Structures are given as structure tokens and as C-alpha cells.
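Next come two complexes built around chain A: one with chain B, the other with chain C.
So, the complex of A and B:
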């Protein structure tokens, strides 16, 4: 690259990087400042972090919301991995024309916007409530069930199963393993990286999901982190320092997961285009 | 995949598989195959296709809450005369035609720059620009809401730098509120799309560029004549996913502007939410509006496939 081009390339990338990072920087800085400092545009760290944290824990039910979100996200991730990988494996290993047709039909569900599902799903769980309140409106199960099976994940597992060596399958059969045994004893351990990638994107989507929990959860004790943050954000006399501290804590799990498992994260994203 | 070898070990003395399989072996095998996919097929049927059917039936009913009665196509005629619906369509299309191309071009340019062999601190730039994609939509929306407030950081900074004499009404002016939403979504998703392009670029043989350079092609020509055509499938993929995402836009608008001022930033998804859970619930009409999104997704996807000239 010539001089000017080089400078402008670095300049553009630097500007893009700064714009990308700035809101994070401001969020972290603000969590260490008083509300009045935040509104005055202070961009230097203060000494209010502990103060904000105590106020946060005293006035806002952050811990219950964290636990609710953790419970929902972990259960969703485990169930989603199992259901989607069984299907992805089944569609690829026991391939047949009729199964391929079914597969394509299932893929169509990716085009369905959630906005079109929310009303009928809400009514569906409303009727379930009358028979089985344990999985009806305002329960963890109601948050998890509709989102736990996605055509995207099935597709992702199917694509990755294409690289699963068939010889191992035959070897397993000769060793007398049942078909399900092959899946659990051979396929799952072999496909660890695929599971890692799929688990990260599923966990993040669940941890951050907003619309469906907003619709289906009603009592404040059931609230998840995004619902809590949204409520804080629309309060009339916000304590900015405290709210920023809450947002920092809510963002930490995703950010940590990303930094620890960046490769798997990107692999999960790319799964859809292989 | 390292386990492969271990597992293969005991299989080495391969015996010919007994040719005398039980008669029902194939039937049994078929059943096993289906049982693997059954659970997910049932789940998708219950939680996607059945609700879509319910939604369709609902769209021909009206009433408040659970008291619904059949009204024929009344909801559909109401749709085209409903000023709020028409505003939400206009807003959504506005976001779509400005934000999606803007973001895709930006992501393409950044990915090309990052793909340069001689570039230093590549990983640093890439991680920084991708970072917004790991934030929760609600969390970043609240941060943007505060940053773009009347006395928010953006106005304070712009005024300190004397770039502005009066604060911009980022959230309360109908035009600027839309711009704020567009800026927010662009911030959140540009890095995400850039990663797709970057991985596609890495698969392009660099000798193509060297040959182009020898033929005297400028950087811009290389970009428009080589990079863009070769990335066409992935650009199509990202523009379809972005379009579907924008047509369903909800979290940001709900948390940055709450749809306001007036209905100036409200999206179709938010209108459906309001019709069902905020105003007096009218599930029938909400279902009708939701079919409008479905139809728009289909139309825009077809247009994009046509534009890209793919025959698939």
C-alpha cells in the first residue's frame, strides 16, 4: 500500500474501532461515577463503584433476575443442544428423500418472524395454564419451550455432521453399540467443538432475549435481566451510575463468554453459511 | 476429532458384516432414523407452524381479549385504512432501505481493509469492531438512549467541541429519532456482518488480485470487479438476514424511543405488541398485522434474490 492509502486505512479502522468500543468505555466509566457526573459527561473513572453497587443491591432485585436468567439460559442451552443435535445427526446419517423433504419444511420456520408467533403462543400458553399451570403463562417452562428448538441449530448440526467420518459409525456398529449408543458414546465426544459453538450462540441468544419473556412473564419475581434493564432504562428519575453498574453486570457473562471462546463463537455464527 | 483414531482401533480386524440380516432390519433402521428427527419436528410443528395457522385463523376474527368473533376480511380492509399501521410500515421500510445498505457497505469496506496482508494490529481492530455484536439488544439500547438524550453525552460532547450551538433533539424530534435508531442498529450489527465477509475474503485466492494489479486495475476496480462479485452469495445471505431482522425490529425501538415521539419511530413488531398487550387487546387484528410482516419478508427476500440474479 502507498503512504496515503495506508494512513487512511489505519485511520478508518481506528475510527471504527473507537466508535465500537466507546459505549462500552462509557458504560464502565459511568459505573464508577455519581449520577450527576454521568449527566455532565464525565469521561474519567471515579470512586463511586462500591457505592453504586451497594445501592444497586439494596434497591434493585438484580440477584434474583440474574438467577432467573441463568436458569432459563442454561436449561435452554442443554435442551437445545440435545434436541437439535439428535435431529441434525438423524437427518444426515439416516438420509432419505422423505426426511430431506421434512428437513426443508422445517427450514421454512426460519422465515417466520417472531412477531407473528407471539400472539398465538401467548394464547396457547394461556390455555395450557388452565390445565397445567406449571408450564403455563408466567413460568420458566413457558419461556423455554417455544424457543428451544430452532431450525437454524438443526441445520448447523446437520452441516457439521457431514464432516463426521462414517467409518466410525460402522466400527461402532460392529462393536455392538446401539444406534443411540453410537450417538451418545461416539458422536457427542467427537463433535465437541460443534457443540461448543452451538452452545455459545444459544446461551447468548437466550440470555439476551427480550420480547417473549416480556410477553409471557408477569410477576416481578420472575423477571429476567433484559426485562430488569429495560425497566431501569425507562424509570423517570434514573440514577445513571447505578443503572450503568447494573448494565455492566448484565453484560459481563456475554462478554466473558465471548473473550474466552472467541473462536467457537465465530464458528457458531458461520455455521449458517457453510 | 483426535478421538477418531482411538475409536477406529478395535475395528481393524473388520469382519464381513453378516449378510443374513433379519428381514425387518431395514424397517427397523428406518424407524430409528425417524426417531432421531421426530422430537424436533414435533416441537417446530407445535411452536412454529401451528401458531402460524392459528394466526391465520385469528386474522379473520376480532374482539377484545378472549371474546372473538368471525369478521371475515374486515381486519384486512381495516389494515389499509389504519394510519398507525401505515406509519409503522413506512418507518420500518425507512429503516430497511437506509440502514441495511449503509451497514453492508460499511462492513464490506472494513472487511477489505482488515483483509490486507500488510496490516498490523489486525486482531485488535477485528475484535474491537466485532465487540458490539456480543451485547444484549436491551442493554445497548438503554446506553444509546442515555447517550443520545437531550442532555446526553453526544450533545454535551458536540457542544463542548463547538460543533453544535444547540442540542439536537435526538430522541424527541421525529426525524432525528429515526436517525438515532439507524445509528444504533448500525453500531450493533456492522461488525457482525463484517466477520462474515472477512471469512469469505480469506477464501479468495490472492493471485486473482495480483493478476488484476498486473492488468492495471485500481483498488476501487478490484473492489467492484472482483471482491463484490465473488462475495455475492454471502452479501445476499447477510442482506436477507438483515432484512428479516429489520422487519422484526422491536427491542431497540422499545427501549430507545418507546416508538415515539408520537408514533414516529414505531415498528410493525412494536405495533403488534401494543395491539396485543398494551392497548385493549385485539388479538385478531394483531394477527392480521403480523401477517403483513410475513408477506413483507417473502416479498423482500424474493426481490433480493432477483437483484442478486441467483436462480436458486
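So, the complex of A and C:
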């Protein structure tokens, strides 16, 4: 009986993993084939990878776009970690009624879809451009600022702070650490796994972010990698082999980051459930 | 605390004072600085190349002007334009932009002040007549018509031969004949006639425009679905083609292209812009011909010519508009030689009628068995019936695609179109 149960459980899991892995497999295989083979559904690796890569480098400025994406994602992640964790820590450690109300309002803001905020946000940055062009429309800062912290991240850090032992906090105070000192010297080192999970989520969201960078960036030299991939696909006769090669390259950084920090990520996510 | 508050107030005051003076600076400087114009377009192999060729052609006119070509996907351009225009922020807008004809009216009508009038810069009569309504508003021209979406029926001559037919047999057919030919080809070769994506009613659009009809009445606003004879016949033809089992289903663009690259289908009824994709499969060279588009059988007004897609250039009403208008007018708007280069280099067929007299348009193409494909397309372009695409092509198509499925499942056709009409009226006002 348990044998049958095991077999069917594994069978189900196998089907599920094939379904989730197949698109990834298809992407990698297609990057080695030429466009007409991709459209005809060829499932075996071909010999066109170098060809696709050369064509890709000829059509778009891949390296500058990767650097742009990296700059934006890394800055966003660092800033978001600092701001969101400080906020989440503050909401949990220095609790009061009024702060809880504020926190609830913050959570409500998660319900507004970004599409509804886009036009007002764009208007805002349009006005900022008049005063401070350095952070106005068509700058890296304009891409980073609206995503520098999110209600979700603050919520995530607050939930995890619930596990932070109060005793350590008291001990720190008795030993004469300032409140900020406690945060930087005790809280951050203890909550490493939470930071790892939050960093991966933020980095991936920022790396794949499309709509806001699309709207706010105008100069081709400043464009990020998802925008260039979108350009590749928008042609009367798209070269699917080249597109797939571009997507493989764009996927690598987040995949690498995930695999490197997988252990922490899982631990961090479990933490927030407890 | 009080100190903090006063400091904050002072800094806000300072900031707003700055903003006043700065914005004045910005407007004066951008008024002078128009040595550079920016143009947005999509498709690196087609529109972007066309723009770069235009840039070269314009160098002799005005060597000082720097034309900056920016590539964005079509959907991205629509998104960016909509956000910028609806927020009233002109910063970052291009001087000129390419817009698909089906979408042009929605921009022109929603933001009439944001586009620069081109009536005096180009001669509207020099362009194919069907391009003028989508690019104009209230009798004024705003767009410089660019490529044609003139359609043809790409057909495999080797499959035709196996079915005992010649290319001359399939010229100027109607859709009933198309189905007959399809049955013969299927019997002889086992191949189907075409691929269809149930979400994309491009075939229906081509059929009704060949009869001078559209989803909307001539005002471009009132849905014209129930009681639209051309549309009704198009639905019937669509069903007949499916019933005769001549269709290979496709769910996206790559499967559509794969359908003819792999040799699975005998015909491709679509716009001339598909030529590079057809020619991409070099092993099929000499096995293709392009014949005129089938016409509707029961409609005496229907002609063997139609359109699918195509776009035009627009100048935005921001500093630099005169320069941008001049750039477009002297290249896409009037330069016959430039159109020959366009055709030789990228296979683009424009809608500028005098260009058809040039040498490149008369060249023959070995891939199509030596046929003078471009010249054929150019002559069909002039026959395309003129319709007003109006505002809601894609919104109505979403509704129709659903009713089409209902009709195919057995719903009464009149009822299906009436329901679509009611839904369209409720949705677009």
C-alpha cells in the first residue's frame, strides 16, 4: 500500500517537475537552433549557438544593457534591504497603536496595482525633472526610487522580526549599545537568512522589471535587458534562435544568485511562516 | 521639533522657487536646441533600417540635423506614448514616431493637440487612397503614410502542379474557388491550405476590407457588425474553410511562420511584409508564387486586393517639430529614389504612388520563379478599398473572436453578430 502511494506520489511530482522544467529546457535547446527549426518545434540541440550569439551581439548592445540592469538591480537591492528592514524592525520593536494603524494602511497599498500608479508616478517624475534632472525621467535614479522599498518587503521583515529574541535586545541595551547600534551590530548579523531571501526576491523583481523602466527610460544607452529582448521579438520576421539566446543570457544572473543563496533562501522563507 | 519644521518649510520654499526658474530655462533651451531629433520605431530589420536609410538620404538636404533612431517594440511604443501623453508630460517624447494604421485614430482623436499637422508638407494625392483616412482627422493630414500592408496569396507552385493546376488558374479567384482548389491540393498532396490562430481574425479583416467594409461604420465610431453583409459572408467563408478541413491550427506567430517554412501549408494569405519570412527557408526557392488575394463571392463590390497592417509616421507637437516634419516630408513624403533604395535594401513597399515607376519596383525575383512580385504588389496597392479603421479595431476583434467560436459550435450567425454588436456598443462609447 505504501509502495503504491509512494509510486503515485513520485509520479505526480515527476509530472509536475517536467511541466515546470520544460519551458526552461525548451529555452536552452532553442538557443542552439536556427529560427526556422525553433518554429518547427525541434527538441534536439543544434549547432547554431555561436551563430545566434554573433547575430545577437550584432543587433543589440548586450553588454551595456547587462551592466545597466546590474547597476539598477544591485542598487535597488542594497537600498531596499536597508530601508525595508529598518522599517520592519521599527514597526515590530517599537510597537504602538498608531504605528499599527500606519502599518495597516501600508499593507492596504499592496492592493493597488502598479498600472494604476503609473500615470501619476510618471507625472511626478516629469515635475521632478524640472527641478532635479539628475533624478527625473530618463535616469537610473527614476527607475530605482519607486521600487526602493515595497510594502511587501516591510511586511516580510516585520514578520521575521517576531522571531528576533528580545533578550538579545535587552542585553545590547544594558551593554550600552545605541538603538541603531543594536540594529546594525546585532539585528543584521542574526537575521542573515531573512536578508538573503529578501535580497533574492528584490533582485529578481528588479532584474526582470519591465513596465516602469520601459516607460521612464528613453535613451537607448540606458535601457535594461528586458527592454532589449522585447525589441527583438517585435519584428515581422523575428529570429527566435537569437531571442532564445538573449533570454538564456538574461536568465543566468538571477539563476546563479538563486543557486548560490538557495540554502539561505529556503531557511528565510520558512522563517516567515513560523 | 519646531526648528525641524521651520527648516523643512524653508527648504520646500527654496525648492519650489528653484523649480520656477529652472522650468523657464528648460523651455527656452529646448526651443533653441533642435539640431537633433529623435524618432521611435519598431522592427530592426524593417522600420529601423528604413529610418537609417532615410537618414542617409536626408544628409544631402540638411547635413547639420542629427536624426536619432530609437528602437522600441510596437506594444512598448503604444504604452510609452499613452503614459506620456495622458500624464501631460512631454519630457522624453520623441519628435516623430511610427504608429500602426489600425491604432492611429485612437491617438489622433484622444490627443489632437499633441500631433503636428502635415497637410501642407506632403501631397496626400500622391499616396494610395486607402492610407489617407487612418492618418487624417477632420480633413487634416497628420501622418506621412509609410509601408503598405497590401495582401497577396502566397502559393506553393509545386503543390499546385501535383493537383493538376497552373498559377494562371488561381489568379483573381473568389473564396469559393479557393476552397475548391484547397480540396484538390489536399487530395493530391495531403497538405492543408493555411494556418489559422483562433485569436487572430486577420483573415476576416482582409476579407471585409476587400469589399470596402470594416468593423465600424464610416464615422469610425459606430460598430457595424449585425447586418454587415461583408462580415457575414466572411464568417461563412471562414467556417467553410474549416469545414473542408483545410486549416492547420496555430497558436502564435512562430507556429504561423513554421507552417509555411516546414512546407505544411500550400498557401499564405497575408500582407507583403511576410516575404522575408517566406524567403528565410531558402530550400523552397522557385516553389512559390504570389497571386492576387481572393475576393468575396457574393459581394459585387469586392475586389482582388486588400490590406493587413501597415503603419505611418507622425510628428509630435513639441519643440523640433518643423525639423522632424521636414525630415519626413523630404524622405518618406516625396523622394522616389529613396523608395527604390528602400525596396532594394529591405524589400519595403511604400504607398507613395510615383515610386512604382522606379527600377527596383520592376525587378523580378527568382525565389518566386522570376515573378515581378513588387510590381504586382504595387498595382494591387492602388486597388485597396478605402475604409475608416476608427478607434476600436482590436477591442472589437476580441469580441468577434469569441462569437466566431460560438458560431463555429453551431450558434445562429445572425444571432452571433447581433450579440457581438450589442456587446461592442456597450463596451465602446
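Some points to look at:
In this section, the second predicted complex is superposed on the first by the 242 of 274 C-alpha atoms of A that agree within 3 Å, B and C clash if a C-alpha of one lies under 4 Å from a C-alpha of the other, contacts with A are read in each partner's own complex, and residues count from 1 in each chain.
What we mean here is this: a contact is a pair of C-beta atoms (placed from the backbone, for glycine too) under 8 Å apart; a residue touches a chain by one contact, two chains touch by 3 or more.
Nothing here was measured: the structure is a model prediction, and the numbers come from that model.
Three-chain overlay on chain A, with chain B and chain C in a clash. More chain A residues lie in contact with B than with the other chain of the pair chain B and chain C. In the superposed model, A:5 makes contact with chain B only, not with chain C. Shared-chain residue A:39: touches chain B and chain C both. With both structures placed on the common chain, the touch criterion links A:189 to chain B but leaves chain C unconnected. By the document's definition of touching, of the two partners only chain C reaches A:137; chain B does not.
Residue contacts after overlaying the shared chain place A:240 against chain B and chain C alike. Shared-chain residue A:113: touches chain B; no touch with chain C. When the two complexes are overlaid on their common chain A, residue A:230 makes contact with chain B and with chain C alike.
Comparing the two interfaces of chain A, the one with chain B and the one with chain C have residues 38-41, 118-120, 122-123, 211, 215, 230, 232-234, 238, 240 in common. Interface of chain A with chain B (complex): residues 1, 5, 9, 12-14, 16-17, 19-21, 23-24, 26-27, 38-41, 83-84, 86-87, 89-91, 93-94, 96, 99, 102-103, 106, 109, 111-124, 145-149, 151, 154, 165, 167-168, 170-175, 179, 183, 186, 189-190, 204, 207-208, 210-211, 215, 225-226, 229-230, 232-234, 238, 240, 243-244, 247, 250-251, 254-255, 257-258, 262, 265-266, 269-270, 272-273. Interface of chain A with chain C (complex): residues 35-36, 38-41, 59, 118-120, 122-123, 125-127, 129-131, 136-138, 211, 214-216, 218-220, 227, 230-238, 240. The part of chain B that touches chain A in the complex is made up of residues 1, 3-4, 7-8, 10-11, 14-15, 17, 29-30, 32-37, 39-41, 43-44, 47-52, 54-55, 58, 106, 109-110, 113-114, 116, 118-119, 124-125, 127-132, 134-147, 151, 153, 156-157, 160, 187, 190-192, 195-196, 199, 219, 234, 237, 241, 244, 247-248, 250-251, 254-255, 258, 268-269, 272-273, 276-277, 283, 286-287, 290-291, 293-294, 297-298, 301.
Every residue of chain C that touches chain A in the complex is listed here, in rising order: 15, 18-19, 22-23, 26, 38, 42-46, 70-76, 79-80, 83-84, 86-89, 91-92, 253-255, 257-258, 261-262, 273-274, 276-277, 280-281.
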